[in-house]
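In the two assemblies presented below, chain A is common to both, partnered first by chain B and then by chain C.
Entry: the complex of A and B
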């Protein structure tokens, strides 16, 4: 189920719903049957060095944004990125449906560690994975 | 400091430095003889995460590109395949302010090149983010 974009993300390049030049990623509050919380086909303007592929940094953008939203959904808190490590297993193609999944691995005080994956939606081939360490900066947010 | 490298040809649409990408960042990269890649830019407001804060993933994107240029020895960054990037964030960065980026090679074995990079706010040299990257140079002997 899609849920409203949080107020502080309205301007976000990745998930801002009315951003004229953004990716407008829609993140669901619950995973679909594949375990994905979002599906996106990346447009040509986020290309990287490999022709037909997304910039590796944009993959980090997607994972970072997804983790932030999952922390908000599951912990009702705003999380800020401290560190994110992304592994690119294969070039991430433009203009193909990608499934994005994130799971929170641990919560230790204000420190949250989450893992995410980017897969081809249809074939389920894993293209990239990442681990993010976030710090909770604002708790007890309304759902 | 002269501009050494802007994407041309097949990847002229690159988000970071493609001259034909009207929505891109148009980063201009330079390479010093000591193996350091350098760049300076201002991130426009369309790349925010939260209000008045540049998206951390965009900082990661800029750092990745500078590291790729260092990994390729200031030559053809298209040959540098990104395997890993590990980015740490230290301070929020506001849009439209000057940002200095630098990257260097820290290890190389065969076709694998390890790099590190940092992004600093130019006005006060505040460390905004740092990164480590692992690249595979196509066409190099492993």
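Entry: the complex of A and C
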């Protein structure tokens, strides 16, 4: 089931429900039967240079955002990205359902490492993957 | 024809993408440089650019570095982005983006890109970006 977007993400370009032009990614508190925490079809305006495909930076947006939310769900903490490595295995198409999954790989003090994948929802083909290292922060940067 | 004309719908640089970043690059000393401010639309947390938007900036600088500084490539795709975030990137403040080619390995080109706060040249984020490129038929 969808869970509420945290207060510090209300205007987030990726997941903010009050952002007028954002992607409004909705993230579930538990994985679905495919292991995905979210499903999204990317709109035309996030196109990259390959015709019909998303910009690689937007793919990184999805992975980064998903990892942040899964840290919040599973560790009850705000995580800030320190490093993220994204691998694009195939162009990520626009206007097709994408399944997004994330698993936390390790927690060492305030350091969290998580791995995410972007797949075609129907075919389960892996299009992109990423490993993010996040640091737990005590307070929202905006406060 | 400029790259922005070649990819008019590109989220990062396309002239016709009204909801995109509309980056413009110039060349300076074997690198590409872009000066701009991010709109608040590209927030992650309030006042801070989304990490993926920073990734978009650093990726785009790499492609422009490859394409503008070297005439042998026709097109290419990102295969790896490795980003380090040093400090949160503010929105609505002047930023400076740099990119240059680090090395070529046949059809894989490795670039370095940097994002600074322009006011004091504080390094906000950096990346190594790998592109798989296709050569022009006459190159």
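General remarks:
Here is the rule we use: the second predicted complex is superposed on the first by the 138 of 143 C-alpha atoms of A that agree within 3 Å, B and C clash if a C-alpha of one lies under 4 Å from a C-alpha of the other, contacts with A are read in each partner's own complex, and residues count from 1 in each chain.
Here, a residue touches a chain if its C-beta (ideal position, glycine included) is under 8 Å from a C-beta of that chain, and two chains touch if they have at least 3 such contacts.
These numbers were taken from a predicted model, which means no experiment stands behind them.
In the model built by aligning both structures on chain A, chain B clashes with chain C. Once chain A of one complex is fitted onto chain A of the other, the partner contacts of A:60 extend to both chain B and chain C. In the superposition on chain A, A:47 makes contact with both chain B and chain C.
Once the two complexes are laid over each other on the shared chain, residue contacts for A:11 go to chain B and to chain C alike.
Looking at the shared chain after the overlay, A:96 reaches neither chain B nor chain C.
In the overlay built on the shared chain, the residue A:24 is in contact with neither chain B nor chain C. Shared interface residues of chain A (contacting chain B in one complex, chain C in the other): 8-9, 11-14, 19-22, 44-50, 55-58, 60-65, 80-88, 91. Within the complex formed with chain A, the chain B residues making contact are 7, 10-11, 13-16, 18, 21-24, 45-51, 55-58, 60-65, 68, 77-78, 80-89. Against chain B, in their complex, chain A makes its touches with residues 8-9, 11-14, 19-22, 44-51, 55-58, 60-65, 80-88, 91. Chain contact summary for the complex, chain C toward chain A: residues 7, 9-12, 14, 17-20, 40-48, 50-53, 55-60, 63, 75, 77-85, 88.
Within the complex formed with chain C, the residues of chain A that make contact are 8-9, 11-14, 16, 19-22, 44-50, 55-65, 80-88, 91, 140-142.
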